[in-house]
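Consider the two complexes below, in which subunit A is the common component and subunit B and subunit C are the respective partners.
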Partner chain A sequence: MGTILQLLISGIAMGFIYALVAIEYTLIWNSTGLLNFSHDKIITVGAYIFAATFIVKMNMNKPLAIVLTFMLMGILGAVIASGIFNPLRHMRSNIFAVMGTMMLGRILAEAIRLIFGPVPFTIDNWLSGTIRIGTLMVTKANVIICVVAILVVIALQLFMNFTKVGKAMRCVAQNKKAAALMGINVAQNICITTAISAIICSVIGMLIIPLFNISTTMAASIGLKGFSAGVIGGFGYLPGAILGGLFIGVVENLAVAVLPAVYKDIVSFVLLIIFLLVRPSGFLGKKA
Partner chain B sequence: MKIKLKPLHYAIATLALAAFLPFFITNDYYMMLLNRVLINIIVVLGLNFITGLTGQMNLGTAGIFALGAYSSALFTKYTNLSPWLGLVTAIIMGVLIGRGLGYPSLRVKGVYLSLTTIGFGEVVRLLIANTPKLTGGTQGVRNIRPYHIGSYQFQTQKEMYYLFLVFTAIAFFCAWRIACSKWGRIFKSLRDNAEAVEMSGVDIASCKIKAFTVASIFGTVAGAMYAHYMGYINPSTFNLDLSTNYVIMLMVGGLGSVTGTIFGSAVVTILPEMLRFLGNYYQIVFCSIILLGAIFFPDGWVSAVTVLFKKVYQRAAKGHYAEGGE
Partner chain C sequence: MLKKWAAITLSTLMAFSLAACGGQPATTSGSTAAPAAPAGSTATGDTSAAAAAAATGNGEVIKIGLIAMMTGDNPLNGERMNQGVQMAVDECNAAGGINGSQVELIVVDDQTLQDVAVTSANKLIGEGVVGIIGPHRSTNAMAVEAVVKQAGVATFTGGTSPAISTLGNDYLFRCRASDGIFAEAAAAYAKELGCKKVGVFFNNDDFGAGAETVIKQYCVDNGLEYTAEGHNTGDKDFTPQIMKMKDAGVDTVIIWTHDAELAIHARQIYELGLAVQVVSSPGVTMQQVIDMCKEEYIEGWYGVTDYVSTSDEPTLVAFKESFQVKYGIDPELYAASYYGGTVALLEGIKAAGSTDRKAVMEAVKQVKDLKVPIGTLTCDENNDLIHNINVAQIENKVPRFIQSVTVE
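Then we have the complex of A and B:
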């Protein structure tokens, strides 16, 4: 029973990570109609800027480093949106868009390797330690992941529902032509959305530092599993993304109790394929 | 008498050119690159049916390729039979994959299909890596026998090259004829307007499955060739990057163009090696070139050049006409 609970807790924490990944690319999908295949690399860039530049090289204190990382990532997101997503959005086949974002991912990965070097590293005293609840040992990282993820979701909901920019984002997601007619600058709005998405990416990057080492491929697996999470919950629908992420995280971790541990990584893809065949609209999605 | 050049003449000329190529290349490494180009051409010819003609995004090519390589390699390893029978196993595997992958493509479209195929590729890679008893796991399969005819073994790069040239020529001929046939026309129309095709009384479902089956057979055959050519395979080769590379080759050659696949495979295989002089920066330069290509020449580089030539030619012709008028 103890191990099951332990697995459940780490599953929920991983689930929140997948949920954040799903939210981050769903935002871009909704506003541009592009699936951002470079999102795992943007997560990695966030982690590197935070850990390598601000913490290791400049020895900054952590709250300041977090704020500066957010600002830099926001700028990066806006640049990517205006330089790459906006031209790709108008392509006649989605194949070019997919390839374009994949190439962007490779360019980012190469840039990381050239700037920061290929050697994986980690930083000390960052989300480390454990908390004891009754007989359960919970790592601090897992608790913080859950809390931060919930805060991000709440903040995003408030932003989308109560600010003018957020409302404009929802309009653009629904109907670009109508949004443009209502006087919303669609291209600019896409820049803002991508910037927010990039900031969420950097949050994910910081959160997964204690789980994986900081390396160029640190986010590759959560990037792909995030896609599964989005589909399972209902593609393009934010509450669905959260539900899908939690579902995958929990099922994947509980599967360890039944299946050999090496098959853990396969679970999410098998779930993805099953869902696409049986219920492509996911848990909460509308019937396609 | 004016001789009209037909596609067949072009094909024979290209083949002759390709046959003489090894005489000018003494470096074994360049020969290896050429062999890789030939293998990649076959994969991309197959991918062209799904992604180029039918317009279904397939990002699971590495999975198909891996299954072809592993089925042939493991078959020859366990039964000790000829690699040619391994090729047959690979083709059977291709038919099975095509049926299996074609079926989901009936239900899901666009991004969903790219996600399904990514899932397929990842599952194949992880399964191969995690069943060490059958596949050798991450250690891979060693000492795969090369192809032979009778007692004659194809061992050096040049011998392999001629063998693969024959393979590629056959594959190219098949792909070209299929693209020109009734199937090819249906595939193209499926990409342009699936409803209209259905209205004309064509069974869309079976056609999509056909497209996937043909593509998987090309992919698995190329995989088998790769396994017996390299002599060693391991699952880390067959990752998402490989699948992406095949789609890039297709895109550089021009979606849906059969002849473009040769150009695309050659460019994407050889260009990174040409850029090696850039040292650490070669990969980033290569990716940037491809990204700019995707944004500015979405019809492939060949068509970008031909469009340019046509414009120049038209301008020249116009000038000529104007002079003639005076």
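Then we have the complex of A and C:
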């Protein structure tokens, strides 16, 4: 029984990580109609910039490093938007921009390896420690990730519903042509959205450092599972991302209580395929 | 009409270039054969490989090659290989060379890729090397073994896949213990620690799965209870595996995986409260893994490895001091193992008394009880040179030498 409870708690904890990544996919999808498959690499870039450059190399104090990372990642997001999303979204099919993001992911991964070296490392005293409740254990980093995920969803919902820029984003998501006709600068909007997305990616990157250490593949598996979480929760509705993430996190952990643990990854992708076949709009998505 | 001719010309050119690129092992090595008159040189014997004719004792240079991974996933390890091998060559030359001839080291980068390893081997063979050190990775060693066999050049690899022992290639020598030996030694040490029920966390790739098979067999043969949980490279959460081990009530854990996964295992085993003794694959004694772990995560862990810097064995201490003097840094596993391999090659050339590649290979096969930093080299029928590994225990984030374990 203790094992099941611990698996449940760990599953929920990982689920919130998947949820944060799913929020990313949903955000970009909502505002540009495109899928950004380089999220996991942008997360890695955020982690490396924070840890390798600011903390290890320049020995900055952490709050300043966080702020500077946000700024740099925002600029990176804007560059990605102007370089890939904006030029490519006018093409006949969305597939070109999606392919562009996949290639961007590879470029980023190799750039990281060339600049920072391939050896994994970590930083000290950053969100480490655990919280124990009886025999159950959850890491402090996981708790912070839960809180941040919920805050991000609330903040984004407020932003999209109550600010001019946010409302413009929703218009762009619904119909780019009509939005343009209404005087919304679509290209600029996409830049802002991608910048916000990159900043959230860097948040994820910084938060997973104590859990996964820093390496070029630190975010590879959560990138894909985050996509599954987004599909399962329902693209197009942000709280659906949290639901999808939790669902995958819990189901995959409980599944390996009975299956050999080496099949854990298979579970999340089987779920993805089932949902795509049976209910493509996910739990909370609106039927297209 | 023009298009048709262009197509025919281009396809003919392509076909020719393919033919030119295919099978070129060893046919160009004749160009660098020693120019001195072969006074009393040994007969070369094999016809396809133009072995470098003997020319000892008259100031000729003896060339050996190194295939190191200077770029790719592990450039730091490749650099250490280079440093270790260069030091062995420099020490040999400082002591007068081999029978009066100086040794020259030619270094090629295989970028950790198999196809580049093959071209590197061909390049070195073409330059007339008498022996090759490297490549390091088992997959790269398997890629070049046919090439070096045909050219008849003694090659020393540190790849640990047990499959290398089954190749039956007289020219491929292994200068580190095979994974089979590491894994069996880990299981044997676990038994020595008094364990009754072993739990194995293993990576599902060749490295981990191969070790798991060996450990399982040992446990079956020695009456130890056994359970195992696998994971994949890139997995970041091992809660299910660790909870299952806790439920199974194991008293000792053996972990066999790569650096990144090892560090996460260490943290989660500590956090989830699996408080048993741990014997780990070599990764835990490497500085980059120790740096990723907090002290309490790996305190008291045992690791099986080639090289433990805190050993007081005289050959190792001497090597360590020379390395520090020469390069200003501490040596580690890659420098030490390939230094040993180079020493074996140079001894072989000296014993052969010539640079005839076949004679050198035969001489290396006779190597017995040659002391090197990572242990004692004795060549067995599978061309494995090392049969002992070292057990270290992590204390305050430093691997302390416990004992040396010899297998079979």
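Assume the second predicted complex is superposed on the first by the 284 of 288 C-alpha atoms of A that agree within 3 Å, B and C clash if a C-alpha of one lies under 4 Å from a C-alpha of the other, contacts with A are read in each partner's own complex, and residues count from 1 in each chain.
The working rule: a contact is a pair of C-beta atoms (placed from the backbone, for glycine too) under 8 Å apart; a residue touches a chain by one contact, two chains touch by 3 or more.
The model shown is predicted, which means the values in this text are computed figures rather than measured ones.
> Considering only touches as defined above, state whether A:Gln6 meets subunit B (first), subunit C (second), both or neither.
In the superposition, A:Gln6 contacts subunit C only.
> With the two complexes superposed on chain A, say which partner A:Pro87 touches: subunit B (first), subunit C (second), both, or neither.
first
> Return first, second, both or neither, reflecting whether A:Val119 touches subunit B, subunit C, both chains, or no partner chain.
Second partner only.
> Touching A:Ala180 in the superposition: subunit B (first), subunit C (second), both, neither?
Touch partners of A:Ala180: none, neither subunit B nor subunit C.
> Between subunit B (first) and subunit C (second), which, if any, makes contact with A:Asp265: first, second, both or neither?
Both partners, subunit B and subunit C.
> Contact-wise, after the overlay, does A:Val256 reach subunit B, subunit C, both or neither (first, second, both, neither)?
It touches subunit C, and subunit B stays clear.
> Of the two partner chains, subunit B (first) and subunit C (second), which one does A:Phe96 touch, if any: first, second, both, or neither?
first
> Does subunit B (first) or subunit C (second) touch A:Ser215, or do both, or does neither?
Only subunit C is touched by A:Ser215; subunit B is not.
> Take the contacts of subunit A with subunit B and those with subunit C, and give the residues found in both.
262, 265
> For subunit B, which residues count as touching subunit A in their complex?
51, 55, 57, 59, 104, 107-108, 110-112, 114-116, 118-120, 122-123, 126-127, 130, 240-241, 244, 247-248, 251, 255, 280-281, 283-284, 287-288, 290-291, 294-295, 298
> Mind pulling up the subunit A residues that touch subunit B in the complex?
35, 84, 87-88, 91-96, 98-100, 102-104, 106-107, 110-111, 114, 224, 227-228, 231, 235, 262-263, 265-266, 269-270, 272-273, 276-277, 280
> Give the list of subunit A residues in touch with subunit C in this complex.
The touching residues are 3, 6-7, 10, 14, 117-122, 128, 130, 135, 137, 139, 211-213, 215, 217-218, 220-222, 253, 256-257, 260-262, 264-265.
> If we count contacts the way the header does, which residues on subunit C are in touch with subunit A in the complex?
Interface residues on subunit C, with respect to subunit A: 73-76, 204, 229-232, 234-241, 243-244, 246-247, 259-260, 263-264, 271-273, 288, 291-292, 294.
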